[in-house]
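Note that the chains take the letters A, B, C, D and E in the order they are written out, and that residue 1 is the start of every chain.
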């Protein structure tokens, strides 16, 4: 029953100073992969050497959009180095590494940086990439984060599966299309769009599972296992809801223009994203209702079947118990039982039993019990 | 159980560039039908040649209201051409073709158009036209969209049934009434009014079905089928609610005067529309409550009937099992059973059985079990 | 089960131009009755000739408060004439005649009247007059509307019962009290107050019915009928709630001073009305909770009674079935059954049965089953 | 089942002019008791002659805080006289006498008094004093009202119990403490504080009753009576909630500084009061949850016990019915039944019965039914 | 069933003057321990003499952050002395001592102090420190309060366990890190962070208990005890929710910059705290859902098992009762029963019984009852 979706605290981190970088996700053995992509409408460069020296804040005069694609969030020293290069707040880095962090948007304002390393304003976003789990029926979750600056975007993902941002990289390489013509804010949108599109795939799969269960229930083939599956689906939906729900507010914040890093021309695209997220949430809610309905139908079918069984018992017992009593009477051994000596007594009794039995059947039919 | 109302994602669209036009609705074989209607209080012209050349943005000095009525949203190149002519945003066109898009209102501001094709401000509305499904008990859904400009309105609908806007076209032809005297904003209202009026028809039908079920339940003729119908109705209501609910906010946005394209004189009509939508939503909610109530009554009747059956068994068993025991005693074959040899023993035993039976009946009646 | 409270759409009105006057309420045969009352602190005149010529907008210099009391909303041409005389918007008149219209307040601003007939600003209110239905247990509903102008009030009601505003008319005739000293806004308050006071009467009656059902349930005399009554009451409450709920917001709008037609001195009276409406709503909610509680108690009593029945069966069966088995053993016809030939065997068996029976009774008592 | 907490309308008041004073509470025979207390830090005077002549608005130059403590709200002429003396609005007086009025705060602004008697601004508060009912388990309710002016406070309470404000009077007499050093707004706070403190006592008592019921349920001693008590408690909580809930908003209004009659130094005390009211509401909600939980536990225990009973029946019947059948076979009177003539047949059959019985017991144990 | 979490009122405090200091928590015998810590980036001093003379407001020119750590809130005179020294409002001190006070934030503004002792502005916070109870399964609660001034922080905790703020004290001693470089507002954050971190530990433990119960339920080992534990957990969650829920709003108030005492550089840390609190609340909610789900599964398993038992009874009874009836017939003692004298009659009857029995088994299998 889908256990690993429960948030867990970090015992070892208790009492340490805030901002201490700690990785709490699945254990990883690979080294962090880092790609630096620089592009504009005319040209693009890709450095996929994974060297930390490739991570450096672009000059404010650079004609390129600068994208640092970090694949792996389990090495504190790597994250720390990148954070120093791009002037990211220690708490931001903590959230990048904390796979238990729920989705959120945070606006790091330049003027507030105080005693911390100072860069320009930063839009920080962390969301959950959900996809079909490879084994069993789990939803697999990956922790993805973005730090958007004036002329750069740093994206972080867990190093567990293939690079989920490949389609965007391919589009950058392939043509000088929309992505190439726009700034890092459009890039941020394009990457988030991929993640949201995957939510639909997960929904699709849950929907198929639901259809299967509905089939079983309607055809009265449902058993204990059906119910367990419905409960698991219900939990999966609740988990997914918690992962997707904050996104709507996050995008809403950007749409209200609370950060100058988002260009007006990107707004319609963010509105479209907002729309898609709303649709996911709405579908989640309707699925939850449907599952609740299926459970009710299941219980009502089980209860109906039980009722049929009980009715059968009632009818058989109610017919034969009185007849057995009559037979019992004439099985008594009294010396003086006149009926026993009548030559037709036996047949009269059999006839009486028949009449009584038929009478009961008629009575039960009349009351709609048969 | 009404399966097709579940939203489905578009697998093939995964990873494509945003704004790519994709049609996801039912397959259509007809070509798109296009009518261009131009009218004012004095005169009107209709071009129903369905030629794409008829689709062109009217001059800002035109004395006519320009209405482009597009019947068919399944041909990307047609939608794309119209979009270019009327300067509509690619994401708007995507929403026109996406039959899974939930109802929404979007204000495309002129100043924001950035690198996109620039026209005046646009009010974009997409809503669901619901009507009685032709076969079985389904609600049939059509995806309808409107793009309102300063002196034009483009309306899009699926090419599946008759043109739903015919009554308005007839009124334009018939007389120089309210529609002819007003601008494209009033036309938008008039078209939406037709769609909302159809919601009442669908409600009516659901209401009739509900009455039928209530009849069955009250007359104790309800069976497994009744319950299934109630669950289907409940789902239909939930589906309809999701289709109608966003409309209230959409019209509310227009009423707050957020777009200059709506004239003050049109406001009372939009308020009236708002009213009607509120009434649909309220009725939907009351229907949901009634259905929940009917289900409870049904369950309580089933449970009551079961209780009657069980009580009957109890009474028959409780009366005859002890009597059978007595008969059993005098059926034993002991050599020395004095009662057996009494000439009146048999009759005394029969009498005792009668007394015990009657005693039990009285006891059960006293406790209100019979 | 209280069927007529379901809103119904108007099939025939589908596709007609907005503002077309249609009456959808109960069929009426009487002609519309119209009274024109003009009063101030010093004097009053009443014209109850029911002539349409009596309906004319008072001059702005009139020293009188002008009240037009219209009894009957089923004649479109009458409503239309009055509308023209008092410069009322066609959509307002539509709402006056539409008995399915839910309660609402609408402020018709002078500046917005555009191409419509122009008068001063109008406060339009439509509410439901609820009273005890004459036959059976129905709540009877009447559709009442008010149009308040600078120096006049037009009130509309269905022509089905006695004039519900008579007490106010009597107070106007009787003395130069508060009503006579104040303007048409106070008159509007006084008329609405009467309607709200009647809500309390309806509540009272529902409360009495509830007490009756509670009595039946507590005294364990409740049957299928009790439950049906509770469901009917629940529906009545839901219906009444929908009729009363909008009133609170409507009066709240007036209290916020959104219309200049309401004088400051009338405000405390409207606040009092607001209070009463709040009390009705609160009481409705508490009744709903109480009914839900009564149903639960009812179900729990039914279930308890069923449990008693089942327990009795269990005990009787559990005692006598084993004893019957013993009797069955000694009823077998084997040649060699030594016990049968013991002279005291029969008595020993009877004794053993007695011991077993008593043992079971003790066991059941110990477990708290008897 | 705690009937008297249902609000009742006033039939006789139907149709009377608004502001007509009517008392609807319990019948009272005593005369109204009136105390006039005047105090400042240096001195105090008390006039408890109960004469109406003692009720007069203090001069605006008075160095004293003026407190009129009215014990009794059942005499319209007394309330009316006080109202005239202190320039209180007729609707305010109506609310003072209407024991069915729910708690509320009303700010009577000087500028609005219009055609009414004009004094300074008034803060009017009416709340419910709840205390342990003397007989049975009822919560007893008293209707208490306050009218706070610039330099006076009039407090109204029902004349049914002892004066609930005595502790404050005692503190005024005893020392020149906080109350003596502050104005009438602090006095208002101090009086309301006493009422809120009594809510905790009522909660305490409900809590004790709940503990008692919990004890009964956990020790499986619960019966029909326990459930009835839980339902009564639930209703009491609902009633109390309606009485306490409005208080939070009322105090919140004062805390937002909407009336100038409240001095800044009194604010922290009102915040404290707000806190206490919040705590009462929160505790009410948690009690409601606990009661719901107890009911569920109770139902689950009842259901479990029923299940035990049924299982016992099942096991006894399932063991003995087949055995009785075997005995029945050898009780048949066929001429040719070879087994009957075997000298060991009887013993073999007894042995077979024993084996079958033991087999069934083992089967039931294996399935966890015994 | 976790009784002590119910709030209790203070009978003895009824009627006393507001601001009277009363301790209502567990009885304590130790004296209050007081530490005064003064630190800046360069240096630190600790005075742990517990002398009241150590408690004195630092001069406004002090270069140190002044932290007074009070361990013990049960001695009114100690709290009163500290309150006088640091100019804390009597109601603030009342809340410090009142262990029943729910979490809250209060901003004491300088300008409002009126007749009270006047200091600078104060941010007052009181929260609950929750940790694993030492005996049984209780959550143990400690009442913790903070008074933050311009250059000082006073922290209060119950003197029942070890000093919960030791880790922060250790960090101050150990290095001139973040805490030493920042002001008293960062210190306040650091202390609250420790408390919030402990919430995760408590959640962890509840989660483990939940897993254990889930294991029992899934493996069908659940009994009455399992359900009781789930109810206890549900109550613990509800209690914890009430303790944690207000924190979110409290931190939100600080984040909105409503107090100048919070420096901009501390904001990101408070946002992080806000995040953690949100995560606790969200996890609490998801736990509640999971527990509700587990209960439903439990009930459904119990009901299923009961159904199995009943079905078995049905089948055994339905098979053997008719057969016993047949045996009963041939056990009758009529003189004239031809079948009895047939040499093969007995075998035919046995054969018929076999056929009937097999027939019933087949019927039951067909209907899916076996």
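Throughout what follows, a residue touches a chain if its C-beta (ideal position, glycine included) is under 8 Å from a C-beta of that chain, and two chains touch if they have at least 3 such contacts.
Just so we're on the same page, UniProt names per chain: A, B, C, D, E = Magnesium transport protein CorA.
This structure is a prediction, so every number in the text was calculated from the model and none was measured.
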Steps needed, at minimum, to go from subunit A to subunit D via contacts: 2
Partner chains that subunit D and subunit E have in common: none
Same vs different contact residues, subunit B with subunit C, by half of numbers used: different
Length of the line joining the C-alpha centres of subunit C and subunit E, rounded to whole Å: 43
Chain centre separation in whole Å, for subunit E relative to subunit A (CA means): 27
Two or more partner chains touched - positions in subunit A: 310, 313, 317, 321, 324, 328, 331-333, 337
Contact graph of the chains (line, ring, star, complete, other): ring
Traversal of the chain ring from subunit B via subunit C: B, C, D, E, A
Contact set on subunit C toward subunit D in their complex: 167, 171, 177-179, 181-182, 189-190, 193-194, 197-198, 200-201, 203-204, 207, 211, 214, 218, 263-265, 267-269, 271-272, 275, 278-279, 282-283, 286, 289-290, 293, 296-297, 300, 303-304, 307, 310-311, 313-314, 317-318, 321-322, 324-325, 328-329, 331-337, 367-369
In the complex, subunit D residues that touch subunit C: 1, 3, 6-11, 13-15, 17-19, 89, 91, 94-95, 100-102, 104, 106, 108, 111-112, 114-116, 220, 224, 227-228, 231, 234-235, 238-239, 242, 299, 302, 305-306, 308-310, 312-313, 316-317, 320-321, 323-324, 327-328, 330-333, 337, 339-346, 349-350
